[in-house]
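Next up, some structures in structure tokens.
Two complexes follow with chain A in common, the first pairing it with chain B and the second with chain C.
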Partner chain A sequence: MFTEKAVDLLKELDRCPDTLPPYHEKMVRAVLDEMNILFEKNVEVLNSSVSDNLGEFMPVLKFRHAALERNKRCLMAYFWNRLLKIRQMRWEFGRILPPDVKSNLSEAEVNWFNNYSKILANYMKSIGQGCGLNLLQNMDPPKSLYLEVRCLADHGEIKMENGEVICLQKNHLYLLPRSACEMLIRQGILEQVVSF
Partner chain B sequence: MCLEEALVRVKKYLMMETDSSIDISRLLRDEDEENISDDEEFTAPIVLNLIENAWLNEKLSAEILPHKSIYVDAMYQQILTMEDNISKLPSDDIRIDIYQLELDRIRYIITSYLRIRLEKIERFTKQILQQEAQRSVDDQYLSFHELQYAKSFQELNEKHLNLVLKKMPANVASLSHSQTLIRPNLEHFVFIRSRVSQDGLFIPDIAGNEEREVKLTENSQFILPYNSVSELVKNNSVQLI
Partner chain C sequence: MKLCRSHYFDLEDILASHETMPATFTEEVKGLGFLDPGAVTDNITPKTKLELPFWILQVLLQLPNKPVTVELPKAFNATHRDIFSADACIVDFNKLCKFFYTFGKILARAKLKESPEIKKMLVETFKQRFRYVFDLSQNVETEKLASDKMDRMERELYNESRTAQVRLNQWMSVGIGTIQAASMIVNHRKRKLTVFEL
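Then we have the complex of A and B:
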């Protein structure tokens, strides 16, 4: 059936609401091929038929065109929604994507990601008459200055705002200023220890 | 520092500050007195209040509102100076943490405000840019940098989608304006509190065609569809809550 593949693409995307499935190039190409075949068939009919019996072919022409439009719409939705997810990842992971996530992106999407990072960085730099403000920080209303965190991976040394250097080791507990560990928590290196 | 010493310090501090509640308006006023602000109307607590209101409005409305970048920039500068001042205090001063936490709270409001605006800009890029183009220079809703951002964001997306469109058959290989326009839902209901008394606010009745008049009195609260109060929100006579 026509447009089935395009719908499958969307279903695949829909099944993973929290993660980004790998870019399905084969399927995208298959949908594009189907579109080209539909188009060629229509052109063929238009060229071969004389104007007086065109009415006979009208239903099939219209049907193919509707299938074309639907394919296009599904593909656009697929690409657009992937962009939205990639945008979300820029805010979660920061400027550098973890390699396992990056491998799920197409080349064009990596490009988009880099350019998006660039315009976002430019905007953040311009806030406050050129002082720059990192919008990726202070994501939640602060309850306290320090957070108790557990380190989940051997991250190595991080530099604090006051110039102190701390070495983060796996399974160690730390009490760190919020601004220093917010990004690391989102990246999954630190875990906030909730104490009641 | 041993416990006893710390306690003495706290007591001294509390005695020094007869009013022991440490609110940000006081904190900021202290700062202002040092700097001797020349404009009495726009002291830091007032600006903070303006930003807080703008932030709430922005958060609760679906469409983008006129920008308040002057206040945000001013407040941000203030934060930076204060952080600078704090860093000059001796590192065992008990006030550091308290001040720092208050500053973090203001920081949160500012970043959250700007983030919400960015999200709206990214979502409704086309519509916002279209409307911006129709507005006069003095009446722009986006700040200069936000406008730049919106434009480059739109360009970026069009470029990306065009990569696929290029491979499609010629008769469907373009996107019409209406196909890609995303509009905010302006009919959503909002909680409002009126700052001024005024009548003559007409609300379209959902069931019939008749309009109903609502009289706003000062500090009265209503639940109304957003589009009927959008103008009042923009001219600041109504606060979304």
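Then we have the complex of A and C:
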């Protein structure tokens, strides 16, 4: 039956609401091929039949056209919903995606991600009265300037705003300025230690 | 929370309109034989009974001679409407119809002769079941539900309300102020937990 493949693509997206499933180049191709076939068949009917018996073929023409439109809608929805997730990734993973996540993106999507990153960076540079404003910081109102954090992974060296270099090692505790560690906490490299 | 109104790119709307309905052809339709797996010729003969996705039926119903008559799917037929009016909370939407409300809205908009009744039923069902969903979300301790009778929309409502409740409880006991890892990161890490453990 027509449009089954396109719906399968959407079902897969629907099944994993928290992650991004790999981009199915082959399936998308197959849907596009199906759309071409539908279109060609319709053109064939229109060319071959004389105008007075066209009425007989109206149902099948209309059906094929609807299937074509439906396929289009499914594909657009597939791309759009993936883009929403990729946009969310920019805010949660940061500018650089982990390789296993990146491998799930298509080439065009990687380009889109980079472009979005660029636009976001340019915007953040342009606001804040000339000195820029990092929108990714202070997602919640800050309570203190320094945070006590535990390191969850061997991250390596990070550079602080005052030029100091700190080496983050697993299971060590640090007291860091909030601005330096907020993004790292959100990326899951550090964990905030709560003292009761 | 996601918008309740459906739009062109809405996954739920597309998947819901893919739900099948039983339909009977009243007239011969030329060239549509491929819809019927048992058809011998290229045409569909009268009195053929098929289970077709809603979007196909919508096309056929818009034809001037209306070659099909549709029956409502199981979840919306008269028997189930009676069950809903008696006690909607016992119905298992997960088994019956996963997109009950979305599909219901589509049917209500489709100008079938039962549409007004479906409209009324949707509101009443939601009213009855809302308390059940609300009650669960405020009082369930574990993350996974043992018995899950909710349809997609109720599920979303439940998740939303549960996270709100959990955050409120947290705030009451500890106060706000910790920064959490982003949800995508947490999920990503769960998937490759073994890599991190090594």
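Just so we're on the same page, the second predicted complex is superposed on the first by the 193 of 196 C-alpha atoms of A that agree within 3 Å, B and C clash if a C-alpha of one lies under 4 Å from a C-alpha of the other, contacts with A are read in each partner's own complex, and residues count from 1 in each chain.
One rule holds in what follows: a contact is a pair of C-beta atoms (placed from the backbone, for glycine too) under 8 Å apart; a residue touches a chain by one contact, two chains touch by 3 or more.
Quantities reported herein were computed from a predicted structural model and do not represent experimental measurements.
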| item | value |
| --- | --- |
| Touching partner for A:Q169 - first (chain B), second (chain C), both, neither | neither |
| Which of chain B and chain C A:S103 touches, first, second, both or neither | neither |
| Chain B versus chain C as contact partner of A:M76, first or second or both or neither | both |
| Touching partner for A:M89 - first (chain B), second (chain C), both, neither | second |
| Which of chain B and chain C A:N114 touches, first, second, both or neither | neither |
| Which of chain B and chain C A:Q137 touches, first, second, both or neither | first |
| First (chain B), second (chain C), both or neither touched by A:F39 | first |
| Partner chain(s) touched by A:G128 [first = chain B, second = chain C, both, neither] | first |
| Footprint overlap on chain A, comparing chain B with chain C | 76, 80, 139-140, 144 |
| Touching residues (chain side chain A, partner chain B) in the complex | 28, 32, 35-36, 38-39, 68-69, 72, 75-76, 79-80, 83, 87, 108-109, 111-112, 115-116, 119-120, 122-123, 126-129, 131, 133-135, 137-142, 144-145, 178-179 |
| Residue ranges of chain A touching chain C (in the complex, touch as defined) | 1, 7, 10-11, 13-14, 18-19, 45, 56-60, 62-63, 66, 70, 73-74, 76-77, 80-81, 88-89, 91-93, 98, 100-101, 139-140, 143-144, 147, 153, 182, 185-188, 191-192, 194, 196 |
| Complex contacts: residues of chain B adjacent to chain A | 72-73, 76-77, 80, 97, 100-101, 104-105, 107-108, 110-112, 114-115, 118, 122, 145-146, 148-149, 152-153, 156-157, 160-161, 163-164, 167-172, 175 |
| Contact footprint of chain A on chain C as seen in their complex | 8-12, 14-15, 18, 29-32, 34-35, 55-56, 58-60, 62-63, 67, 174, 176-189, 191-192, 196 |
